[in-house]
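Okay, so chain A shows up in both of these, paired with chain B first and chain C after.
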Partner chain A sequence: MEYKTENEIIKEIKKVFKQAKCSIKKERRIEVILNKRNIMEFALRMQKNWDFPHLSAISCVDWIDEKQFELVYHFWSYNKKVLVSAKIRIPREKEPHTDSIASLWQPAKFFERDIHEMFGVVFDGNNELEKYILTDWDGPPPMRKDFITREFALNFYSYREYNPEWLQEIIKQGDKND
Partner chain B sequence: MIEKREYELFIGPNHAGISGNYSLHLTLEGDKIIKAKTDAGYLHRGFEKLMEERLFIQNIAIVCRICVPDPDPNEENYARAIEEIAGIEVPERGKYIRTLVLELARLASHLFTFGGHAGSIGLYSLPNWTVADRDRIMELFEELTGGRVYHIFILPGGVRRDIPKGFKKRVMEVMDYLEKRLPEYDDLFFENAIFIKRSKGIGIMTPEQAITWGATGPNIRACGIPADIRKDDPYEAYPYIDFEIPTRTEGDAYARAMVRRAEFVQSINIVRQVIENMPEGPVWNKIPNPLKWKVPAGDAYVRTESSKGEFAYYLVSNGGQKPYRVHVRGASVTHGVHILENLLVGARIEDASQIMFSLDACPPEIDR
Partner chain C sequence: MEEKLTQRSVWEKILNKLRKRSLWMLHYCTGCGAIELPPTMTARFDMERFGITPMVTPRQADILLITGYLSAKTLKRVILTYEQMQAPKWVVGFGSCTINGGMYWNSYATIKKLDRYVPVEIYIAGCMPRPEAIINSFNVLIQRIDEGKANSWKDYYENYDYYKKNQEAVLGKFDTLVDIKDDAKKFNIV
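Take a look at the complex of A and B:
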């Protein structure tokens, strides 16, 4: 496989962002690792210079052991038929801040709002970060890795022990079969 | 002089003329909508969090529940993401069966949308027809997978089992039936004067708007942009199949319905080709013991053309037995929130539900 278009795109990116680490993951998939300061400029160039008009999604990953959040911006080009995933890392704090790209990409408004709700990341410049799905929730952002669903359920909900004889019998039989 | 007064109207969340448990908060001036806000969360089940707590194989029973009318693109995305990370190949026959399942799901989902769209403008006969016809596809699914709505059929490495004896013939019969039904749908709905009068010029989206607002699927194709992931970013057996991408240029509710109708014809055509060209061989490449399987560390972004548009998964594995993160990008996260809020402004109140159905917004994908 030659990856002609992919290599051309990487060349263009390398011209402007010399520090960026670019790699071809497979056909039509490019990964770019950026410094978090550069994301706004990168997004602007993706849209205006490099012909990537479609922001497919923004994903957030909580790397709790490394004390970092990873934000992944997926850009798609209708003409070049390539998807560029740009990754930035931000420190994992109570209220981490990063630049919003909602002024450039209107779909980003929703993606950033979702990440703010689920991970507590604040996007500076996006004024529509109010709650959307979890309107009645005032606990910690639930998609963070230190929010443990099981622990929360045990503390929040009450339940009654249910262990009738017939169930014990079945459990015993199950043990025998092992 | 009469003072202009605004008033607020809440539609939903109990399926009142809109698709699924979703709520619209409209600000009106007379009959005209001047501001629209959407409200989701009635169907939030925390699937993304749930998936982080379960084994890779267990999640296959969860992912299909993310979109009720069109569940198979979820299974497809999830399986393909794992395959990409773990480097698993799918046998040719497996690819063809997956394509068959995906196209049957598209047909079933489009039938639902035709009915919903007709119902939203008061033509209540068509929903009865399309739901009954959708049942024929559900029966095929039941025979193939054991499930009518949720199939849990596409696994990493291929599909769960081969097609049953005589199944090809029954699929062809259903396809012939659906093709014969289309002229009847035309009489009742697509060429109906009421439908044409009600839907033409409603909810117009220009090609520029479609791109900046992030429209995908039939909604962007109704604006004249032939973007389709099956062609642009091909997967499974689509590269071997000959089909067209129908487009229209008007960008209104009528164009979106007609694009779906044309796609319906194409899907019948794809199903026939898949059945005719299906190679012999295994349908599943064995994966390691799924109860102890550690998927190597890595990440993958996979995209599927669902009946509603671009459906994508971002899956991250840290080398453990459970996925580290699964991000679901439903097709409706752009259509059902940003685009719907924009298109409703300036529309009349009676067109609100039609605009939602013409965009084919599916709230469970937004809530997850």
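Take a look at the complex of A and C:
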């Protein structure tokens, strides 16, 4: 494989963002690791200069051991047929701040609202960060790794007891086989 | 006969005979259980031979069929729907999700025991229950209505404080715009 178009895109990116780490993951998939400050400029160039009109998604990863959140922006080009995943890392605080790209892509408002609800990341410049799915939820952002779902569910809700005799017999037999 | 035959009880018996053959069902499809309803309604299993048809509005429905899991957000809608229904009304919990959370039991948003929030007449166990099980449970419901035993809806008026307390523990304070205690006086329950 030669990865002709992929290498051309990386060359273009490298001209402007010299410190960005670019790599080809596989055919038609490029990963770009950026500084947090550059994401707005990067997104603008993707849209205006480099022919990536489509923002597929924004996703968030909680790296709890490294005390960082990773935001992944997926850009797709219809002409080049390449997906560029731009990754930035932001510190893992109670309310980490980062720039919103909603002024470039309207759908980004929706993705950012989702991430704000599930991870508590605040996007500066996005004024529509109200609750989306969890309208009656007051607790911590539930997709953070330090929120232990099972523990919360066991304490908050009550469960129906179900322990019939036939089930106990099966459990006993299972122990013997082990 | 052991019980006294008053005018009221005779009327109630006649009404029950009529009620049991014209049950209108509102199905609240949140989870995967909805997929079992089309075959139940249509030609293959044909629910309508028992007089059960789907109904689009809660105001005219008798059965509230809750298929699949409920989250805290959808529970609020279920309560609003349930309180709009005219009594007598029966809730049928469908699938293991309504019984004990089902396979989503360890989620922070899934409601575990439906009968803590609205009174449930019948549970259908299974994940998923087949259309035969749904029709069987409706037959049990019809039989209970005929015998005058299907009185779970009265429990909501009698023990409203208990249900309200459980609802508010999950959803916080909210207003349903239906005065249950006033309704209870109309049915001569309190």
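Here is the rule we go by: the second predicted complex is superposed on the first by the 172 of 178 C-alpha atoms of A that agree within 3 Å, B and C clash if a C-alpha of one lies under 4 Å from a C-alpha of the other, contacts with A are read in each partner's own complex, and residues count from 1 in each chain.
Quick note on the criterion: a residue touches a chain if its C-beta (ideal position, glycine included) is under 8 Å from a C-beta of that chain, and two chains touch if they have at least 3 such contacts.
Source: prediction; values computed, not measured.
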Do chain B and chain C fit side by side on chain A after the overlay, or clash?
fit
Tell me the contact category for A:153 with respect to chain B and chain C: first, second, both or neither.
second
Give one of first, second, both or neither to describe whether A:24 is in contact with chain B, with chain C, with both, or with none.
neither
Residues of chain A touched by chain B versus by chain C: which partner has the larger set?
B
With the two complexes superposed on chain A, say which partner A:122 touches: chain B (first), chain C (second), both, or neither.
neither
Quick check on the superposed pair: does A:142 touch chain B, chain C, both, or neither? Answer first, second, both or neither.
both
Tell me which partner A:90 touches in the superposition: chain B (first), chain C (second), both or neither.
neither
Looking at the overlay, what does A:40 touch: chain B (first), chain C (second), both, or neither?
neither
Applying the touch criterion given at the start, work out whether A:162 contacts chain B, chain C, both or neither, answering first, second, both or neither.
second
After the two structures are laid over each other on chain A, how near do the C-alpha atoms of chain B and chain C get, in Å?
5
If you lay the two complexes on top of each other, which residues of chain A touch chain B in one and chain C in the other?
133-135, 142, 149-150
Which of the residues in chain A end up touching chain C in this complex?
133-139, 142, 147, 149-150, 152-154, 156-160, 162
How about chain B: which of its residues touch chain A in the complex?
39-41, 44, 46, 48-50, 53, 84, 211-214, 216, 225, 227, 232-233, 299-301, 303, 310, 312, 314, 316, 324-325, 327, 329, 333-334, 337-338, 366-367
Footprint of chain B on chain A - complex, ascending:
25-26, 28-29, 53-57, 59-62, 72, 74, 78, 81, 83, 85, 105-107, 109-111, 114, 118, 132-135, 142-143, 149-150
Quick one: in the complex, what on chain C touches chain A?
72-73, 76, 99-101, 105-113, 116, 170-172
